[in-house]
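What follows is a structure written as structure tokens; I'll ask about it next.
Should a chain be cited, it is by its letter among A, B, C and D, assigned in written order, with residues numbered from 1 in that chain.
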Amino acid sequence: MDPLNIGIIGMGRIGKIHADNLLRMPRVKLAAVSDLYADEALAQWAAERGVPVATRRSEDLLEDPDIQAVFICSHTDSHVPLIVAAAKAGKHIFCEKPISLDPARTKEALDAVREAGVKLQIGFNRRFDHNFERVRELVRAGRIGEPHLVKITSRDPSPPPEDYIAKSGGIFIDMTIHDFDMARYLIGGDIEEVYARGSVLVDPAFARYGDLDTAVITLKFAGGALGVIDNSRRAVYGYDQRVEVFGSAGSATVENDHPNTAEISTAEGVTRDKPLHFFLERYNEAYVKETRQFAESLLDGADVPVDGNDGLQAELAALAAKWSVRLGRGVKLRELGDTERLTKEALDKEATLA
Amino acid sequence: MDPLNIGIIGMGRIGKIHADNLLRMPRVKLAAVSDLYADEALAQWAAERGVPVATRRSEDLLEDPDIQAVFICSHTDSHVPLIVAAAKAGKHIFCEKPISLDPARTKEALDAVREAGVKLQIGFNRRFDHNFERVRELVRAGRIGEPHLVKITSRDPSPPPEDYIAKSGGIFIDMTIHDFDMARYLIGGDIEEVYARGSVLVDPAFARYGDLDTAVITLKFAGGALGVIDNSRRAVYGYDQRVEVFGSAGSATVENDHPNTAEISTAEGVTRDKPLHFFLERYNEAYVKETRQFAESLLDGADVPVDGNDGLQAELAALAAKWSVRLGRGVKLRELGDTERLTKEALDKEATLA
Amino acid sequence: MDPLNIGIIGMGRIGKIHADNLLRMPRVKLAAVSDLYADEALAQWAAERGVPVATRRSEDLLEDPDIQAVFICSHTDSHVPLIVAAAKAGKHIFCEKPISLDPARTKEALDAVREAGVKLQIGFNRRFDHNFERVRELVRAGRIGEPHLVKITSRDPSPPPEDYIAKSGGIFIDMTIHDFDMARYLIGGDIEEVYARGSVLVDPAFARYGDLDTAVITLKFAGGALGVIDNSRRAVYGYDQRVEVFGSAGSATVENDHPNTAEISTAEGVTRDKPLHFFLERYNEAYVKETRQFAESLLDGADVPVDGNDGLQAELAALAAKWSVRLGRGVKLRELGDTERLTKEALDKEATLA
Amino acid sequence: MDPLNIGIIGMGRIGKIHADNLLRMPRVKLAAVSDLYADEALAQWAAERGVPVATRRSEDLLEDPDIQAVFICSHTDSHVPLIVAAAKAGKHIFCEKPISLDPARTKEALDAVREAGVKLQIGFNRRFDHNFERVRELVRAGRIGEPHLVKITSRDPSPPPEDYIAKSGGIFIDMTIHDFDMARYLIGGDIEEVYARGSVLVDPAFARYGDLDTAVITLKFAGGALGVIDNSRRAVYGYDQRVEVFGSAGSATVENDHPNTAEISTAEGVTRDKPLHFFLERYNEAYVKETRQFAESLLDGADVPVDGNDGLQAELAALAAKWSVRLGRGVKLRELGDTERLTKEALDKEATLA
């Protein structure tokens, strides 16, 4: 069988992770990489690994008839135009999250994908984590009965730099989006309503951009199940990624992963090492698996494991969270269609408070 | 030193627990017990333990000049009149939670206590649990820095019978009230705003009384710290009582208590016994401690560890949670003074939805 | 039913623990206590608790026809004569471990008990620990299949004072004796052979008395199952009491008990409190249970849960361990009958080494 | 820098593991592989991975001047002649454990290595396990003070087939050898004396070859520290690999690794998945690390992390264990030089028993 030729657009940190994983994969060939700022260093990177093309022009990949699929790892702003262009060029697509900061534009991208009949996988890598996969498996197998509640703790070890905060789109679209997807994945259903409450407790920089760094989000699913997510931009003990699904027949929980199981008992107490530091350590294997499953779905004609609608639903939940903070009430996802009405309510509320 | 003479009003399950604990305490004498339904069995119970008086009339205790303090363990409806009467009689008071289902009446009781200059301790027994005490100690010592988030999981092993549901006052005042108090205790601050969302997923009986059996409650504290409580009326694996306080310098968590630490590893997996079944098992020691500290605060002239305001604050949070469900928005505790305005908003909202 | 009248001989720390536990027990009356050094303080202790007799003469207890049973909590040297005297007086007996430092004298005591037809329970309190009971239950229920291996970790938090060391009889009879009994209890079979190896690593005082403070002991049971015990006189992190039984169908393990389950995660790591400090904290409930079961076996005519042969077998294992260290080889318990031959072998070996 | 050219002799399961790991390594080239039974399948394996040479003749590798180092992954019997030949050919050597079943022959191999001035690393892969490395680090850093005791649990998930048992050399040289090395590694010192006791409880096949399947081994180290290893050929719940080092200032323990941290709580109990199944799962990363450190020590001129003496010491301990079972006593490693005396003692003992 001919190998699958893949190109990567955007060779920042995450583009390089995908490249390394694709390079180790049988039946896959990394045929080209592009980056707006491609330079000598990238050329050398490619040469050392036998990647034939390293270019500044993403068009070079999209126009190459031998390339069957592209990874879109560039800046969020470029996702929609690149998805549209790739779809038109008949390429299958793996796109990093979020598709965009605006669900309307995300829908444009999904329309283009549907029309072109190509596959689109969204980079919700956490779905491929060994712990969360196991919880999903237990839920799907009915081991906890009917799900009543999903709980997600998701805290970063340290806040991003201020210039990142300025352009991130806010905590819900930048950080919680993974948790919205995880909640849908674990419980196997759609979010209907979101209530969010947050504070700036970690770094005043967040306040300067109207953002939050600490948040609690309540979810309501179709059928009445509830969800709760708590986020912080700084857990000094490392990346805190735990979930629980509680149901009529029991509960499934996962704790953090630690670099080892060593415990030292001394006159002071019993101590073990902190959890794995951040996403590169914790989700190392998950990145490999999401890439492999994408490649396999193309090679074997299977469905991609995370599709465009998954990307859209998480964005809608993030948007609802943002409105919820502004309005001080729970916001249903189906309300998001009527922006005018939401805006009016917000202005009324703000007028009353003023 | 003369012993402290104590009487107990209401000899149901919880009254008997306090009785047993008082009987083992040095410097304390259980001088009398009363119960509206006192019968031959109670008389015998008292005789076997050397308790000189077992009566149907609580007045017998309140009028006895040798009794310095009473435990009020009767039905919630009777708490306020009994507190008022006991205060007027100059007795110190230990009262089970909640003081009442109505903060206005609770305030009457607290006024009577203040005027009489007696001590009043509320039966928030969980504050005396070895695990929660340790978390509070760590928070107070600054070990987690500034608190940002308090998380409480609180789930009963099985729902109460329907006749209990009918009179309980609803999940927030009956069950979450302990968690509101725990949140205040752990974080060492007052709740400013409550948002609650719930479902009926466990037993349709709850719906018949306009009640919920599964709930997620978001709290906002003075200073911006957040809290989240999740409740269920049925965790099939037993009583689920876990907390976490997360802050600028770390996080303190406690897991459930189990009857033993045995783990059995077989070809099927690694298994240990379920958590302790319910509050009698889990809070056994906590009941002893709260009683002892009440007695000691009377004998030694110290402050009681949980006072009337603690009781009131938890009731206010429960009331705010109830309004929040009705209004679909976060409700500040200070809004509770203007019931008229809340009612109007609720009616408007219900009219819109109709 | 008339209560059971019990007397206690020897009112040191352990005597007082039993006294406190008996005093809280229904159907039981603590009728008298004796201590060679009984003084005003003991008289007051007895008065405060309503114990009618506090005397220096154990005979006062043994001659009192109303006393049905005695606890022997005096010095080890006095155990055998007191057991013999109590048995002759027709009293049932609870005796602290070891019965004696010499199996031949222990057998005399057991003979007297058998002739008198009284009951004798030995104070192997650890059998009543919630963790070890659960492991025994799992083993007995066949959950781990046929037992192949029992492992016991048993370490004290700190060594005893030198004057205690001088008279203790050595680590095997003083400390490991509990572990020999635990091994027999968990596996449900008799020890056939013992190999012991030790060092003085904690405190040179042990060397001055020909004793050891760190030891590893291998056991062989009838049927081929193996056992291993490790002892230390000083675990700086507290009392270390863990066991495992491994078999053809799995393994059952218990960890130490901790005062709470709190974990604190900081930039330095994840820490919890040390295990419970020593036997008073760890075996608090076990002391209550062994006393209650003794009383119940007298009141209800059941067998005592730990009998004289259990005491003897643990002493024989301790003696075999002592010979093993001297001879440098595994020693079978049935070899202990021929002391002459063992002595000759030891002298030969020592001559060769000299 | 030119890459390091490496050849592999013996392309069974372990040879292929090393091959895969070397193929992913920068600065390293897998230049040739040999196997006595090389066939079309191996040729294809090599072709797919760009390995230029696949041969039946190990000489082809040893005579190739471009190859700087060889991995010896062939049958144990061939290790010594191959080490000697490779050393003479000036190749650095990575050899699987054990070097041989006979310490005298092992010494020959080490002599050849010394004379040739090449490097020799032994395949004690467990030293590179994340858990054991962390314990060693804690011990080396003095966190537990002076080591008093090392405890190793090492149990396979299921016994090998009978034809393997027939040629394995027995449990001590085949299985415990890893644990002897681990004990030396963790405690940082040499074993002086070994006492071993075992049974056949898992599979009667072991008895047919004079072998054991369940064993407890006591170690004594220079300075008086003790060690204890327990082995079983069948732990039905999976590969059981735990260690503890206990010392004057505390204790460091590691538990098994599990495939995930998921816990499911139901009405039956709390369950998690079994430990990782066997060495391929558990020591996956350790194999990568030992290979990388070998390559790096050649490229950077550093010492190899596990040398020939480490291989010899573990074999001596295994031999001492074997003699200990036969003699029924502790055997010092320095006694192994006088085989005649040990044989005489064994025959005397066996005569006495007969």
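In this section, a contact is a pair of C-beta atoms (placed from the backbone, for glycine too) under 8 Å apart; a residue touches a chain by one contact, two chains touch by 3 or more.
On a predicted model such as this, the values are computed, not experimentally measured, just so you know.
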From chain B, the most remote chain by mean C-alpha position: D
Comparison of A-D and C-D by number of C-beta pairs in contact, larger one: C-D
Where chain A and chain C are represented by their mean Cα positions, the distance between them in whole Å: 59
Between chain C and chain D, centroid-to-centroid distance (C-alpha), Å: 41
Centroid distance [mean C-alpha coordinates] between chain D and chain A, Å: 43
Chain D: positions in contact with at least two other chains: 235-237, 249-251, 265-267, 273
Chain contact topology (line, ring, star, complete or other): complete
Residues on chain A engaged by chain C in the complex (per definition of touch): 235-237, 258, 265-275
Sites on chain A touched by chain D in the complex: 24, 130-131, 133-135, 138, 143-144, 249-257, 259-267, 273
Chain D to chain C touching residues, read off their complex: 145-146, 148-149, 151, 153, 155, 193, 195, 197-202, 214-216, 218, 220, 224-228, 230, 232, 234-237, 240, 246, 248-251, 327-330
